[in-house]
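In the two assemblies presented below, subunit A is common to both, partnered first by subunit B and then by subunit C.
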Partner chain A sequence: MSVTIAQAVWQGLVILFGGTLLGMFYKGLDRKLAAQMQGRIGPPLRQPFFDVVKLMVKENVVPDHAVGWLYNLMPLVSLASVATLLFYLPLGGYTPLLGGYGDLILILYLLAVPSLAMVVGGFAAGSPFATVGAQREMVMMMAYEFPLAITFLSIAWRLSAILPGQPVFSLTVLAANPLWGLVGPIGFIGLLLLFFALLIVTPAELAKIPFDIPEAETEIAGGILAEYSGRNLAMFYLGDAIKMVVMSSLMVALFFPYGLANVFNVAGVWGGVIDVAFFLVKVFAVIFVAVIAVRVGFARLKIGQVTRMFWLPVTGVALLGMLLLTLDRFV
Partner chain B sequence: MALPRSFKKALWVFHVATGSCNGCDIEIIAALTPRYDAERFGIMLTGTPRHADVLLVTGPVTKPMLPRLKRIYDQTPDPKAVIVVGGCGCTGGVFYESYNVVGPVDEVIPVDIYVPGCPCRPEAIIDGVVKAVTKLETLEKAGVSG
Partner chain C sequence: MNNQSIKLEVGGSTACYTVPVGPVHPALKEPIRFHFDLDGEQIVGVDIKPGFAHRGIEYMGMRRNLIQTLYLSERICGICSISHPLAFTQAVENAAGIAVPPRAQYIRTIIGELERIHSHILWAGVGAHELGFDTLLHLTWNVREKCMDLLEELTGNRVDYAIPIFGGVRRDIPAEKAPLAVEALGYYKGLLDQLVDTFLHDKSIEMRTRGIGALTYDQAVELCAVGPVTRAAGVPKDVRQDMPYLAYADMDIKAITPRDLGVEPTGDVYDNIIVRLLEVAQSIEIIEFCLENLPEGEITSIPKVPALLAALKNAEGEGIGRHEAPRGEVIHYVRLVEGQDEMAAWKVKAPTYSNLMSWVPKFLGDEVADIPIIAASIDPCMCCMDRVHIADETGTTSEKTKAELVRLSREKTRRICG
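For the complex of A and B:
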């Protein structure tokens, strides 16, 4: 790494600011498009910004029953871990800022931190609704983490057989060598299955409908977030927005890391601009398929249905994908 | 401190039924459906008073709901506004001398906006929510805490 500290700080600020803006923009787009699909006009694209500014003005209530320091710390932990994730992702084909200091395994753990922070915050709130929500979130994490891990590990393992000696767990290496062209037909089908599994895991990871059971507003009054208000709620809101970008850029990096600059033979600044623009389109495509369309099309599932769904069919699909990739290695 | 402009564009609403007949409640739901689409003004229905900026109270206050209504009012973070939806909540309506009714909502908690009607139209409810912000701003200018 030949970047100086000042450069790193400057780039970090740009990534943080840009990632947050992007998350808010996609969140606005999400609400607008969902409204359009339901035949409504929908809120303006800037609506998430209004929401956050309003939440910052509101009173920050800490309930009497709550464990104060935990309750106030968890929104910060959640936002910080999601923001850290931004530094590990190859956004728009650029080498991630902290790419040399962590890999896919670290990302897997960092992805679990916001949900865990919400769980701890929910328990610390001391409200029965928040406790129920926190328990549901924990059960859901146990359900979707397995297929998520299978997907990550199978891809990295298959690549390790193709590129021996390379740090295959590094996202930069993964994004530089998309597997689609490197495997045979069996592996291709396996990859498709893994992609499908990750596509189903994404809305669960983001706790969107049909997997929004931890926050189910109509049955457990906002669940985990039931007691949060004002600044703390705004931090969870921002964290949620950034996590949407993180999750879909992760998917883009693993499955669609292709850029357009080489196709059009454009180099230099314009090549970068084209790549970033294409990256934004890809991220939007993933969000549209995995979050917006699913959110509008389905109703909320029960917690038992979600666990059964992730443990049997989705894990089955992911394991089958892994098996096919393994077969592909030896055929 | 003056309220930012964003405040009136992102009002989250919590619905409290204090003994209503479900008529006004249906109209509140109607205001959220595609036909009226309250979300285009940033109005969202929340599941908990902690997230709310505006309390929509329907119905006359019955005796069992009295402590709950007070508690929900206290749980809502400031700045907040209270809107009474429907004739029963405004005046007691047909239940004004019922043995089980404490009285109209404004005898229990401070009310900012009254939306009369039995039941009131969804347009009137949306109008009331928007007017509630104006009320909050006026109170603030006068130095009274919302």
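For the complex of A and C:
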């Protein structure tokens, strides 16, 4: 690697702060747009920043029944794992900072860590609401992880047949070679199905309505987060904001990695600026379709209904997508 | 209610844990406490402890003159703020033998039905919120504003209307205000199809409400459920139909059940939505009838307040007033003693009191996720219902058995009946 340590550190800091700010900005946009769609005025765009600042100065309460160290550690684990994910995302056309040190499989694991941290934190809180929430989160993970893994792996596997010898599990390679143009019509349909499956998995992964079951405010009073406050809650909040950016960036990298610089024939710095801006627009488009529009248009489902939905229809669609991609290879 | 919670055996498994809900919980709009025994996500036992919203209203009412108490009765509940005065004025008019002019009866009916419209729409929004469907909450409450505006236009107030008085009403509906009402009714008529479509044909609402919180016909009859809860279970019980009062006697009112929409009643949350939405349509028809046939004449039989107070002071007797409130039948019992400004006895029985026990069969066998919507499905109103709070001198609460409660109630009855 030609990157020096000093370069890596400042680039890392830029990505970290940039990603966090972006997450909060998108969260503000999400709240404002959802409010407008519900016929409300909604909070100002800066509201997530106010919220985090306020949470940071508030008291950090640890319940008497909680396992203190575990309870305090988990928000940190959650935030650290999503922050790490930021270093693997190809932003616009740029190579991710840690692109050479991990691949799609690592990303899958890192995506599961925040949810696991919330489960452990929920159980450690020692409150019945948090316990119910943690149980629900576990069941949710079992439900959506399978279609998520199928989607990621099918795409990488199909690409490995097209580009033999290349590190196809690297997100950079995946983003540089969008599959849409490389497969035949059957593969195209398969890819479309995988995209659809991932679109449904995204709100579940982010625990948004109709899949906000582990937090379900009206049922279990915030569930996993019921006992968290102050700094700890702020960390979960930031983790949630960043995860939203991560999930939609992954979606963009896998399915819409196209840039605009080549279309307009702009090179150099301005080409980069155009690509990054276009990337941010694409990320917002994914958030709008997969999170905002969905959470405005549905009621919260029950855990049994969600499990059935992910295990049968969604997994079915993902498997069918995989099957079509496989067929496409041999046609 | 009961020291022993009611248990449901599930596959012989008894390993369950208890989750308390309330008295303060996001699913509850007013304080009440549930203890749920859970087997996984399934509810296998439920214990209900009311009594957190007791304010001693009856006691206060028995220490004021009747007109002051009328305003107090309006403040028993903010949503049923015409239902309680309607029942109360009828009880006092029965006891004192005061006649009510026909025009006043029609005006009371109109305001009462307007309250039903806004109350049912409010409930629909709360229900949507309990299901995690906040968009629908905001849209329905937005729609409700039209009714509140009309009420403000007709009575001067959005919430406590101060319309009925013993012997009539305090404000007339002048001819120039009638078009406003007609316009608002037209607005709701145009909206009704949309409301029915949104609530009854939305897939995610259907998934969350069909078969949830079911109450059979027999259970509804046995537990004496009232209002939309019992009608959703298929029992055609409605005070306006069974014992017509005010202007209802001039109309042919039929209790609404899910059968009116071609649905076989099961008493579940879905049926509750059907009944309440259809009742909005029924209320619109009733108000239209009342506006068209509004009789001419006086709006009160004793217009002067001092004369009214004197008449009430000289009255002797007891009376019962009943009204089909949006949540079900509300009953007021009043006893007047000659030469006394205040009542000798006042008993308020709100619909939630009758519906409380139907919660138990509704909850059993359903899941944790269903708790908010089942709790909301009877449209509970704790501040209407809570008439008892047991505490000793130190303020600590205790539990009473059924036998003790019966003994205490009888003692109280003897005390107030002299």
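Assorted remarks:
As a working rule, the second predicted complex is superposed on the first by the 331 of 331 C-alpha atoms of A that agree within 3 Å, B and C clash if a C-alpha of one lies under 4 Å from a C-alpha of the other, contacts with A are read in each partner's own complex, and residues count from 1 in each chain.
Here is the rule we go by: a contact is a pair of C-beta atoms (placed from the backbone, for glycine too) under 8 Å apart; a residue touches a chain by one contact, two chains touch by 3 or more.
Worth saying up front: this structure is predicted, and the values here are computed from it rather than measured.
Of the two partner chains, subunit B is the only one that A:F49 touches; subunit C does not reach it. In the superposed model, A:A6 makes contact with neither subunit B nor subunit C. Once the two complexes are laid over each other on the shared chain, residue contacts for A:M37 go to subunit C alone; subunit B is not touched.
In the superposition on chain A, A:E227 makes contact with subunit B only, not with subunit C. Contact with both subunit B and subunit C is seen for A:F129 once the two complexes are overlaid on the shared chain. Judged by the touch definition given at the top, the superposed model places A:Q305 against subunit C, while subunit B stays out of reach.
Within the superposed three-chain model, A:G297 lies in touch with subunit C and out of touch with subunit B [touch as defined at top]. Contacts of A:I213 after superposition on the shared chain: subunit C is touched, whereas subunit B is not. In the superposition on chain A, the residues of subunit A contacting both subunit B and subunit C are 38-40, 129, 216-218, 220-222. Interface residues of subunit B facing subunit A in the complex, by the touch rule stated above, are 1, 3-4, 6-7, 9-11, 34, 37, 39-42, 45-48, 50-51, 53, 75, 77-79.
Listed in rising order, the residues of subunit A touching subunit C in the complex are 37-40, 128-129, 132, 209-210, 212-213, 216-222, 296-305.
Listed in rising order, the residues of subunit C touching subunit A in the complex are 17-20, 25-27, 38, 41, 128-136, 138-139, 142, 202, 204-205, 207-208, 367-372. Note for the complex: subunit A touches subunit B at residues 31, 35, 38-44, 47, 49-51, 53-54, 57-61, 129, 216-218, 220-222, 225-230, 233.
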